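Below are two complexes that have chain A in common, paired first with chain B and then with chain C.
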Partner chain A sequence: MTNWVIKGLRTGVKSTRYPRAEETAAGCSPGLPAATRLPSDLAEMIVARCPTGALERSLEGVDVDLRRCVHCFRCTRGSNCTVDWSGGYDWAGFATERTGAFGPPFGRSLHILVVDTGDCGACLSEVKQLNNPYYNMHRLGFFLTPTPRHADVLLVVGALTEQMRLPLRKAYDAMPTPKRVVAAGACALSGGVFGRSFICSGGVGEFLPVDVEVPGNPPPPLAILHGLMVVAGRKPPASLYRRVENSSADEPR
Partner chain B sequence: MSGRLDQVVEQIGLRWNGAVRPSPNLAHDAVCQIECPSEQLGEVCNWLFSEQDYSFGGLIVEQQKHWHLRYVFYGGAHAGWIHLTTSLPGGESQLPSISRLIHAADWHEREVEDLYGLSFEGHPRLGDFVLHNDVFHEGIAPMLKNFNGSEPVTDRSPDTNWRPRRIVEEIGAFAMPIGPIHSTGTAPVYFQLETVGEDVIRAQPRLFYAYRGLEKIAEGRRADDVLLIAERISGTSAFAHSLALCQSVERLCQVAVPRRASTLRILIAELERLRHHISAIAGICESTGLAVAAAHASILEEELLRISGALTGHRYLFGLNVFGGLSMDLEDTRCSLAAEAVANVSDRLDTLQAMLSTSSSFLDRLEEVGVIEFPDARDFGLVGPVARASGLSRDLRNAQPYCGYDRIEFLVPHESEGDGYARLRLLFREAQQSTRIISAIAKSLPAGQCRTPEWGLRPGAALGWVEAPGGAALHWLRLGEQGVVERYRIITPSFANWHGFRLAAENFAFQDFPIILATFALSVHENDR
Partner chain C sequence: MPMPFVLAATLLTCGAGIVLSLVLDDSRIPALLGCLGAIASLLLLVLSGASLFTGTSFHETLWTIPQLGALTLSLDRLSALFLFISGLVLLPASVFASGNLFRYLGKYSLRTYCILYFALFATLVLIPISADALSFLMLWESMSILIYLLVNYEHEEKEHTRAGYIMLAIGEAGTIAVALAFITLARNGSLEFAAMKAAGIGLGEEARWSVFLLAFFGFGVKAGLVPVNFWLPQAYTSAPGSFVPVLAGATLNLGIYGIVRVNGYLLPALTPGPGLVALIIGSVTAILGILYATTQSDLKTLLAHSSIENAGIITAALGAGFVFVALKHYPLAAIAFAAALYQMLNHSIYKTLLFCATGTVDSHTGTRNIDRLGGLIKVMPLTAGFFLVGALSIAALPPFNGFDSEWLTLQTMLQSAELASTGIKIVFAICGAILALTAALSVTCFVKAFAMSFLGMSRSEAAAQAERAPRVATVPMGFLALLCFLLGIAPTYVIPILDGPIAPIAQAARAADALVPPFFAGNPHHNELPAAFVADFHAIGAQVGQSVMPARGLIVMHRGGAANPVVFAMSTFYTAVVLALMLLGTYVVFRLIISSSRAVDRRVVWDGGIRRLLPEMTYTGTGFSNPVRVIFEAVFRPTMVEDTSETVGKHFRAAIRRTRGENHVLDRLILDPISDAALQAANGFARMHHGFLNAYAVYGLAALLVALLVARFA
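After this line comes the complex of A and B, so read on.
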């Protein structure tokens, strides 16, 4: 047993400095498309390439609905023209004006119930990474709980299948108030690649009152962490839409 | 090349004397299609499976003018693929079950019954399977062509009194329900563990909470949009599944993939396998409560995710495979950097293995626990590391090589005990092989293009296969005119291994259950599709 203790000590601290400082290690985030100025014929072409309707034409180029992007990279690896790509991971935003973040009592300790409503497993895997030493979300006062009775936040991933509706409803109803719902991943936000079908709902928003949305397919751990910081009221929300601004200012944040 | 296949086909012709007709088409890639009347089906399948050492790949149903059923078998090196096909005469929807002879076909038949409404005479247990009877009523068959897959099902009268069947009847017997939401951050699955005391006597999983109807929603979409679906069958084996689909398209349209692209594909596929195995190892450590080891394994897992992200742009390797190659070239220098980083991860993995192999309290939880003997593994058609830990060492990478795996040196390790520890050791050994392949490839990447530019989709059907991290994955794609998908059948390793999982869990103590589950490294998402 002492071996393990020694190995633990030798390994040292791995945790990211986020949210105190930016995490800059390579491979932490797949990035997302940025709103891009393009002439209208090219814009049209590139919008047609997007499989999920995440790109929209605007007067000056293409706008991006982050909630729909599934990182297929068709708009950036294709030939001829491409949109700009932006890194980062502070992507989470408020779903509606209605609720907003938790107040101060929840700022330092938040218990989270994760429900997978039918994803591909990547979102769930990224949620699991939050407990690895690199992200170590305990240090921020975030704890996963197996029971809805202890949960303040319902973290939903997946496209919400018909067969998960009842379990999800039961879990939500069993949570004490006040409670918040964080939906993470394109499938939970907009149906993603699965869309709306006989079995998938095209997003959990119609079924539960979602407070914070975390784009990405899957959202990297730092983006989910940002979503939790937002719901706890410890970080400002980002905009879920990126629009080309009329002025000369570039990509809006 | 396919000498053995020829012999087998000839013998079939002799034995069944004309009733069973091999057709010479599909001659490429050592695939033989044999037409077989449904009455003979069981016999021929059984002969292939029991006497000729073919593995049962899966059942593929297609609804055309008549019902077409395709039973896919594959053998070891040089034995190729045999597709036994049978058609039902118009109006008929019943045929004999083969699962009494070939247990591996059990869940395939249940799935077809549930989603297509065909029935299999003599199958011991049909009904509630993919579609849950407490959500949909029996008789809804979403895979039928005339079923509208884009609208929610409004007409349903679910059986609200439905309860999982209990099998154990004994004084003091009780059933422990677990799930579908259980533990912290797990995929949805329900277990009913039946017991009369300490030991789990029956462990029946109820799956398909994450059924996303992928085979259905693929129909009518364009082939390259279906590639996005393939990546999302199982996000943690995304590259393997997209590769399987790419290969079926490339085989169908006879696209030659440039050597550089197929070599890079191997590199990425092995990177994914390595990450998958390390994640499974982390899961095993965690299930035994060995927190330090679990933390170390998950450090390595995160590092591999970052290596993948830095190399390909996506931590789970999405968006990389395209028909005819890769969506972007990976420069040689970046590949060697990645290989160096992988080698570093692998060194630390070896250290972890050495430490685990001397932690007796850890080993006690794994040794002689969750045992699957070789005959059971074979009967249930288990695949991948789970099967290889029970001595069933078939691996598509060398049995039916693709991407040029036959030009690469690697071993397919196997163990014989079939217990939890054998499965853990196997994961470590396969991880070492993957590292070896990655560093060998990174040193000698062929130059050239990474995507075939000019080619067109054509109608027809083909099978693509891959040894996914979890085992054999088979993708059958039928394209119609203009590259529209008519049928997409996805056969996944988790589907096979979930079927056999209860064998390992039964007759072991309650507290062993989560550990046995972890050693199987099963994916709910890959199973449910």
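After this line comes the complex of A and C, so read on.
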């Protein structure tokens, strides 16, 4: 009965040291492709391999739109030409220039409503990890809430299906201002492997004003945590586009 | 104007009403009823008010009937209080009836209604002032019959007829019990109350008990006490919406009047036993009443059960008063009687208000079922507001009137600490706990009654498209709501008035002395009180606002003795002022600081994201009260009848239907055994009737023999 105290003290803190330090545990992130300098013919070939159009041809190689990448690794499986692959998990970024993070009053107490708009289960499984002892998002002041009336952040996962449009709109309307929307996962950001179809829109952003986007398919828990830190204003946002340096093309297509 | 003339004018107005309704056309009757009813009520208020406030009284002997004695009328302060309450109820109820009656035009005879109404009005006036048993019983009997006729006004409905019969039967039983009590009391041959009171002093203990029990349960029929109240919910539900306010506001009080008059005034108890019986019966009545009220879904039946609860609280306080009188704690007795009469006054006002609102809802939506109503506040805002006032009052929330009297009642129960006997203290403690539970449940009950009928979504077309109540309905309700508020914030003015009627039954003790600090009563220097005592009151803030506030603020419950120098104090007036200031302050702060900087974005209510929120999906009254039903399952003891006929292939049941039946706990424990026994006895006697002429001849012969033998040897 009393053993657990001693056992707990002996075990020590097992939670991740993120965000104070880098997380280095193996398999904590699948990684994403990096922008790679390549000759034009090879770049052409690699871009054609990408099923979701995440890779884009640029003048000096291949640019990456992280919002579309589904970690299929097809771009790394070639005998002679591959893109560079980068690890890490600080992927979340602002969707548009206008939206901003929450100010200080919300920084350490953020209530989150999770809405599944057609998820396969992968993203939800990662969201679920956030509450386990390892990621333990309570320590950062993030709380899940079952009602939009208490929510500051709407965390949307899954491809936005036709049936979930109304519930999503109602949940967003029911949230008190100020409110922010975080879309997590390639499906929520761009439609993912489902793309744009008769039953599924090409991303939540077409329907709601999304503030922060978390790439990944599914995004690892640390990436979602980074997205929440970004929306709380406690971490700088990352860029959602990776471009070959010194490229003359400034604007992504 | 001398009082007999005012009385004669009141009765003449009633007579004029009867005569005019014989002459006038049916469509003119409602206006006639409203006008003459209001005039008669005002005259009644003048008559009783003069006696209640100034203490004047009159005593008139009308006729002497040979063998039976004189018919006398006498108006003292006790009668005046009941008459005044009747007047306060009948004034708005008459006006309300004039608007509500039009729904019967062409279906039932309004002329009959008007005649019965004014006849009942006259008996209601005369019963409290009849000063001998004979006229009292005659009037009581005519009241029973008139009420029966009015309850059964919509006589084409089978249920109403049945309810009327049950009421008539139990009412007659009550009258017989009361008559027996009077006969026991009239030992020296006179049926006048004054002579009976004198004769009662020498009565033995057994006779005292029998008079108490006969009168208590005989009058308890009208008051709605356990176990003789099973007629009440059915009768209240069947009575026309325009009449049920009178039933709850005026005739229920007459049952209380009988108990006070006979058991408190004519034959005060010498032992605490009768008082304890009244206390226990009152508490049981209260808790059963509110339990059944909470689970009702018919608004009118709910209010009827809640009337039973209130009658229980009144009786419990009366019982406490009887105990205190018997044990010679006269100031405490005065407090208990003040609490009882105050509760009765309040009940009459808020129950009339609630029944008027329910009648309005009924006539505008065609249903009283809470589960079919909802959202009425949008279509009938005034009615909803007044119902809310009534609900707050009856749920005993300040600053409305129910709070004052229930607080006093509960405090009275706590005062049993002064008594010497441990057994009596235990009874008081248990009854006090039951009354506290009752008060809590009544909040649940009226949250349900108000919220489920007036808030949320409309659960039927009729509720969504109801029209606004006309002024003839809202004005009486507004008058009653105002009374609820005034009686709630000014108990310090009401209690001294109640002292007049209480004085004869509490052996001249004054509740006001114990309840209201006299230094607000007039003398600013309060010389009559010791300085240390006044300082005690100042320490709890009794002098706050003495110079600025228009009303005497504080009710002080009890000063305590030297051994326990405790002061229980409460001020509903200050509470109301503080409440108003807080609401105003919040509004101002909101307007000034918050609202100016942020716009409010109004969207549809959060419904869990479903496509369409149907009224059927929202919380119903039945669902709201279900926890109470589950917790008190042992009392309700529901029976589940499974009647399913839809089967596939003779053994696979496609649908199961369960009808839930409930048998009232009193029916189960008392009424059903009695009726079963009577039926069995009748079956036994029926065996004698087997149709042979010879057998009947033998019965006749045997009876003759027995009679002869008795005549020979007895």
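Heads up, the rule we're going with is that the second predicted complex is superposed on the first by the 234 of 253 C-alpha atoms of A that agree within 3 Å, B and C clash if a C-alpha of one lies under 4 Å from a C-alpha of the other, contacts with A are read in each partner's own complex, and residues count from 1 in each chain.
Here, a contact is a pair of C-beta atoms (placed from the backbone, for glycine too) under 8 Å apart; a residue touches a chain by one contact, two chains touch by 3 or more.
If you're wondering where the values come from, they're calculated on a predicted model, not measured in any experiment.
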{"item": "When chain B and chain C are modelled together on chain A, clash or fit", "value": "fit"}
{"item": "Contacts of A:Ala43 with chain B and chain C, given as first, second, both or neither", "value": "neither"}
{"item": "Chain B versus chain C as contact partner of A:Leu240, first or second or both or neither", "value": "neither"}
{"item": "Which of chain B and chain C A:Asp116 touches, first, second, both or neither", "value": "first"}
{"item": "Which superposed partner A:Val127 touches (first chain B, second chain C, both, neither)", "value": "first"}
{"item": "Contacts of A:Phe73 with chain B and chain C, given as first, second, both or neither", "value": "first"}
{"item": "Partner chain in contact with A:Ala171 - chain B first, chain C second, else both or neither", "value": "both"}
{"item": "Contacts of A:Leu225 with chain B and chain C, given as first, second, both or neither", "value": "neither"}
{"item": "Dominant toucher of chain A (residue count), chain B or chain C", "value": "B"}
{"item": "After fitting on chain A: smallest Cα gap, chain B-chain C, Å", "value": "5"}
{"item": "Intersection of chain A interface sets (partners chain B, chain C)", "value": "166-168, 171"}
{"item": "Contacting residues of chain C [partner chain A, same complex]", "value": "598, 601, 603-607, 609-611"}
{"item": "Of all residues in chain A, those that touch chain C in their complex", "value": "147-149, 166-168, 170-171, 173-174, 177"}
{"item": "Complex interface listing, chain B residues touching chain A", "value": "131-132, 135-136, 142, 147-153, 180-188, 208-214, 216-217, 225, 228-229, 231-236, 238, 279, 290, 292-293, 295-296, 298-299, 301-302, 305-311, 313-316, 318-319, 327-328, 351, 355, 358-359, 523-526, 528"}
{"item": "Residues of chain A defined as touching chain B within the complex", "value": "1, 3-5, 7-8, 11, 14, 25-31, 51, 70-74, 77, 113-129, 131-135, 144-146, 158-159, 161-168, 171, 192-201, 217-218, 220"}
